[in-house]
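Below are structures written as structure tokens.
In the two complexes below, subunit A is the common chain; its partner is subunit B in one and subunit C in the other.
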Partner chain A sequence: MRSYAAQRAVLAIVQLAVLSVLVFVLTTLLPGDAAEMRFTETLAPEQVERMRAQLGLDQPALERFTQWLGNVLTGDLGTSLISGGPVTDIVRNSVGATVVLTLATLAVVVPLAVALGIVMGTRENGRLDRAITSVTLALSAIPDFVIAVLLVAVFSLKLGWLPATWIGGDLLASPVLLVLPVAVLFGRTVCLLSRQVRAGTITALQAEYVVQARRLGVPRRRLLVRHVLPNAAVPGVQELARTGDTLLGGVLVVEAIFAIPGFATALVDGVETRDVPVVQGLTLVLAVAALVINLGADLLCNRLVPRTELLR
Partner chain B sequence: MSDALNRRGFLGLAGGLGLAGGLGLAALTGCGSDGRAAAQPKQGGRLRAVYAGGGAKEVLDPHVQSLFVDIARHKAMYEKLVELGPDLKPVPRLAEKWESDAQAVTWRFTLRDATFHDGSKLTSEDVLYSFARITDAKVPDRVAQSSLATLDLRRSKAIDPRTVELTLSAPNAEFPAVLAGIGTQIVRDGFTDPTRPIGTGAFRFVSFDAGRSMVATRYADYWDGPARIDELHILSADAEARANAVQGGQAEYANDMTATFARTAEAGRTVRIVAAKASTMQAFVMKCDRPPFDDPDVRMAFKLLADRQRLVDVVLAGRGAVGNDLFGKGYQYYPEDLPQRERDLDEAKALLKKAGLVNKEIEIFTADASAGFVESATLLAEQAAEAGVKLKVTTGSPQTYAKDLLTKGVIGNHRSGAMPIPQYVTDRLLTRSPFNVTRWLRPEFDSAFAAARVLTDEAARSAKYGELQQTLRDEGGILAWGLPDYLIAVSAKLQGVQAVPPNTLDQGRFDKVWLA
Partner chain C sequence: MTSRARSGVLARVPLAVSAALVLVPLLVAVLGPLVPLDARPGLPYNAQGALGTDGLGRDVLQLLLTGGRTALGMAFGAVLVAYLAGGLIGLTAASTRHRWLDEALIRPLDVLLPLPSLLVISVVAVGWRASAFAITLAVAMVNVPTVARLVRAAALDAASGPVVEALRMQRESWFGIHLGYVGRAVLGPVAADIGTRITLAVFLVASVNFLGLGLSPTAPDWAVSVSRNREGLLLQPWAVIAPALMLVSFTLGFNLLADRLVHHSRRLVEVAR
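This part shows the complex of A and B:
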């Protein structure tokens, strides 16, 4: 187990290094640089030139990258080319909203998806199974922004029950701000997650040990909780790790629609203003988070159902 | 639900979504108040105003401003010596009056009895310090550096605490208007920390979070009469979030709204649209130094083949007026007596035939950099086809479009916000202008403009400017097809909002509004 984790950690470092190079190269390939992005027809080209020199953007790309890498290795994510403040500040200021949003979504979607998955799995191809499948499939098929616009139109603008945006809102004072964004993200993730649990349940129910346990007269509830669920959970947990990625894509849309000042908003901002250190810093943090989540999911699966081949 | 979600409301929202982001169109002319008879002004309350955000680009430093949201924030806290009236003519602000010598080189400004938020009086030293800070060559992002390039600070001086004399290295009768430009705010002598704003404006700084919000409170000792509202929040959000916020009661003022949203909003009761008529300019710009537009006949042919009314109807959803190939309709110095250019396909065809362009292909360079750019380019291509020229639409990167267009392509999109006409000419139409997007390079135009700009007699200056503008309209590379309205959405309880062009004194005057 320990050597497996170590192996994964080494792989993770290689992945991060490759990712950093990729992100740097791709952002550098975008037309324009941070100095030009300040060119809003208010700054004369001559001023832009001076700014470029001041920001060090006239240095060769390789030099800029090695400098950045050197800083990162000493724990310094660098300085934003646009705001002039430390990148860590931008990470810190934007991560909160996204984490709260993600955790709130998971808190809703995980129990519900597991419950739905088990209900569907134990009634394979029954009427209820098909009904739940249709609804969750429809939710995942409709684009987020459509769901979001519909929800806002009905619950905010027409009925006036829920706030339409986070503008001027304070999450601590009004947690109700979370309702609509979480509802949209729920629609995006519930289908896949519940289908994985459903599949796991069906497989587990057909497994010999379950059939045997049933023959031996193990009560249904005990059978489900003690024997079926841990096995059914494996694809679910792995899917959950992938849900993280899916959520991030959805968070971007949701953050834009509800004006949530989160991670995705900061990232889009960084790309649009060619603020390379910010883009680099944010993707690095994001990649580390994704790696940790995936690693955690693998290790958790191993605990749920120990698989010897992984332990070698 | 059928009632809850009528088709129109939904389409409006979707439209808002599609037009999200994007740069704000700026500018307008036309004035007047917002139409409804307002009740007696009331005291107190919190006003939340939402503008298009700029993320980490947003700044507190008034000398670095370029976004509307920054300008609005700085305006609440800081002031300039001079401001612009609804016709873009300079009006006194922190300077209560001014006079110049006969050469328009030495200018004397008499300061108002104003007090900074820290309790100190405004003095001549503050003015001199502010201009020194703006023109500091070590800091390239202070936006007014190029407009104040002729201000000679070594020869400028404080005559007494309330009189300051500014001397120019080249005469300029438009100097007061230059002092009303962006990034010219007066700060305290010794001001070095922009994160702790101290100005003379109607609101005192409380907090700022770039890309999100600024909070300010009413300044009780404001020289122009304290604001009626107690607290001002200036927030950032893109177009559809602004629409939702103002409709959902989370904001009372939403800047720069789309025509689609205006139609939806006007069908309801919660939101009112304040429209500054024909306040910005949408144009196609042709490069006068490149084929085929180096031929004046071709430029004229394009001006004649454009169906302006249709462009306004389709691209601006009818919310605007047709343009007449000149910037600044309704502003000081605009030659009002020029006839409106009409579509004349036959004449256009004849000119194109003469230039040998019939059935030839020309590329039009556009980008989704501002609302309506790609749409208008596409529509112009259809109209050009009717005159026998094929316009091929190529799309560039939205973020770098403004800069790219200076060097790329032969014809493209251009928009402009409100600014005084001489400033527009200085920035875009002289051989050495930094933003000469039409490549209008005429030494005789440059010298005629320079000669007009030193005339201290306003009528004489105006007459000269008029002639120059006539030349531009007939020979220049600007095909100004539309003058969009500038749209602001306000909640039903917000009163006192003026319908005036952006960048003018009475736009976003949150010290004059009240919540009914």
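This part shows the complex of A and C:
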């Protein structure tokens, strides 16, 4: 019998292959190619034609794909049409800020969501549970950018306590820059996550092995940490991988609002200037990151609560 | 099993209040463009008119009345398309007797599932800039895998139960079983899912438009308005707050309604078992 990890890894490899095709097809299907986009205003048609040959755009799609894939596999993501520099440099320069922002948010969100979820789950339908559920339900209904705009208005424009935009310098060196962005990102993620942990805790508490452990006189704390939490964490971890998506959307918005030079800013710039190689490169890197995160989450879930088959 | 009480104080908010929270923005979005309003452009961030003017000197009330069509319409359209495609895939996968067909329909979706939605949309936005139709389709595409899986799971859940077995033994027709019983059993979870999915779609569409990846920056759309006028928030708060309130009211109301439906459908599922 193949192990779960091996099966899951095979799925991830298939996903990766499909994904690279998808990224390429989506970006090449776009109306108007790079040569046209960039030069129609200034160049004559025959010059555009020469440009196209130079960029290799006159080759058939399959040939372009194998060439692109070959380059990607050797770590070459192509050249930016706007700056003329390699896309790998753009990726390398922008990834830091996004990683710092995401990790800082997770460092706040995960412990809080787990704690809230357990507090709610162990007091199902109690007053505290209802109060927290209400607040999280309401908070999760407010779009990130509305929260961001309001927080900036109050804390930086009115009160002047916190900086409204990134003014240069290292994010890690000046944590004060992170306060507002993390505050924006934290709201919805905590809501989504704590609700999952709550549901997981309630289900685990009703399971027979927990009832039995309680009968055997296992102390409450040990019961929660040893028996309930691993099972309650499974929907939480899966949700975390899924909220990666929500979080990424939030990170995009936050980077745009606070002018943080991260991945999202680079992506939006790429889209705005129709710099296809940059969009291709950034999309591919982010999609791979999403795949790896999902793979990690599934493997972690399987460690917590072993299953023999792929979850369907 | 004890009936699980609805969660939270907010769930005890009367139905009328949640309905009103949804209906107000919805009516503004649908009927707003029909309201005859003779608003003349004035100075930027001016107090003229009921809600003042925005950064381009346009009347905020008029923008509000015309901006809902895209803000909500694109989300509704996306969920509709996602359900037409995903529902069909899910139902086919669940009702087929050929395991290979089920696998062939569902496995490719597993591959697409972890794709970050904003990435798909931003790639689409490179080529079809400012096209409401393209963005709607992109948002729909992102939702198809989860919809298909949900519909398939709900249909299998109902179709593998003892009720279907009993119906089959009573020689109930295929259509009678699938449309009459399984179809109805699927409706509960589907209704609950549509509730949460529409809120998510509104979020996604709004974020895309806010980032400037979607509609053009001069469109009257609510999210675009919030984005464009945010630097004037302290000068002319209504230009930001009015469209933001519309969006929040809609998503909050829909969340409350969806929460109700989730509990209702859970009861339905329990009864069906």
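One rule holds in what follows: the second predicted complex is superposed on the first by the 236 of 312 C-alpha atoms of A that agree within 3 Å, B and C clash if a C-alpha of one lies under 4 Å from a C-alpha of the other, contacts with A are read in each partner's own complex, and residues count from 1 in each chain.
Following the convention adopted for this analysis, a residue touches a chain if its C-beta (ideal position, glycine included) is under 8 Å from a C-beta of that chain, and two chains touch if they have at least 3 such contacts.
Since we're looking at a predicted model, the values are computed, not measured.
**Q** If you stack the two complexes on chain A, which partner ends up touching A:E272: first (subunit B), second (subunit C), both, or neither?
**A** both
**Q** Tell me the contact category for A:L112 with respect to subunit B and subunit C: first, second, both or neither.
**A** A:L112 sits against neither subunit B nor subunit C.
**Q** In the superposed arrangement, which partner chain does A:L299 touch: subunit B (first), subunit C (second), both, or neither?
**A** After superposing on A, A:L299 lies clear of both subunit B and subunit C.
**Q** Looking at the overlay, does A:A141 come into contact with subunit B only (first), subunit C only (second), both, or neither?
**A** Touch partner of A:A141: subunit C, not subunit B.
**Q** Let me test your reading of the model: by the given contact rule, A:A213 touches which partner, first (subunit B), second (subunit C), both or neither?
**A** Touch partners of A:A213: none, neither subunit B nor subunit C.
**Q** Contact-wise, after the overlay, does A:A256 reach subunit B, subunit C, both or neither (first, second, both, neither)?
**A** Both subunit B and subunit C are touched by A:A256.
**Q** Going by the contact rule set out at the top, does A:L157 touch subunit B (first), subunit C (second), both, or neither?
**A** In the superposed model, A:L157 contacts both subunit B and subunit C.
**Q** Look at A:I90 in the shared chain and tell me whether it touches subunit B only, subunit C only, both, or neither; answer first, second, both or neither.
**A** first
**Q** Going by the contact rule set out at the top, does A:V288 touch subunit B (first), subunit C (second), both, or neither?
**A** After superposition on chain A, A:V288 lies in contact with neither partner.
**Q** Residues on subunit A in contact with subunit B in one complex and with subunit C in the other?
**A** 30-32, 145, 149, 152-153, 157-158, 256-257, 270, 272, 274
**Q** Flag every residue of subunit A that touches subunit C in the complex, lowest number first.
**A** 11, 14-15, 18-19, 22-23, 26-27, 29-32, 125, 129-131, 133-134, 137-138, 140-146, 149, 152-153, 157-158, 241, 244-245, 248-249, 252-253, 256-257, 267-268, 270-272, 274, 276, 279, 283, 286-287, 290-291, 293-294, 312
**Q** Note which residues of subunit B are touching subunit A in the complex, please.
**A** Residues of subunit B touching subunit A: 1, 4-5, 9-10, 13-14, 17, 20, 23, 48, 50, 55-57, 59, 66-67, 140-141, 143, 145-146, 182-183, 209-213, 233, 235, 237-238, 240-242, 244-245, 247-251, 397, 399-400, 402-404, 406, 427, 434-435.
**Q** Show me the residue ranges of subunit A that touch subunit B in the complex, using the header's touch definition.
**A** These residues of subunit A touch subunit B: 30-32, 36-48, 50-51, 54, 80, 82-83, 90, 93, 145, 149-150, 152-154, 156-160, 163-165, 167-169, 256-259, 261, 265-266, 269-270, 272-275, 278.
**Q** Residue numbers of subunit C touching subunit A in their complex, please.
**A** For subunit C paired with subunit A, touching residues are 4-5, 7-11, 106, 108, 110-120, 122-128, 199, 203-204, 206-207, 210-213, 223, 226-227, 230, 233-234, 240, 244, 247-248, 251-252, 254-256, 259.
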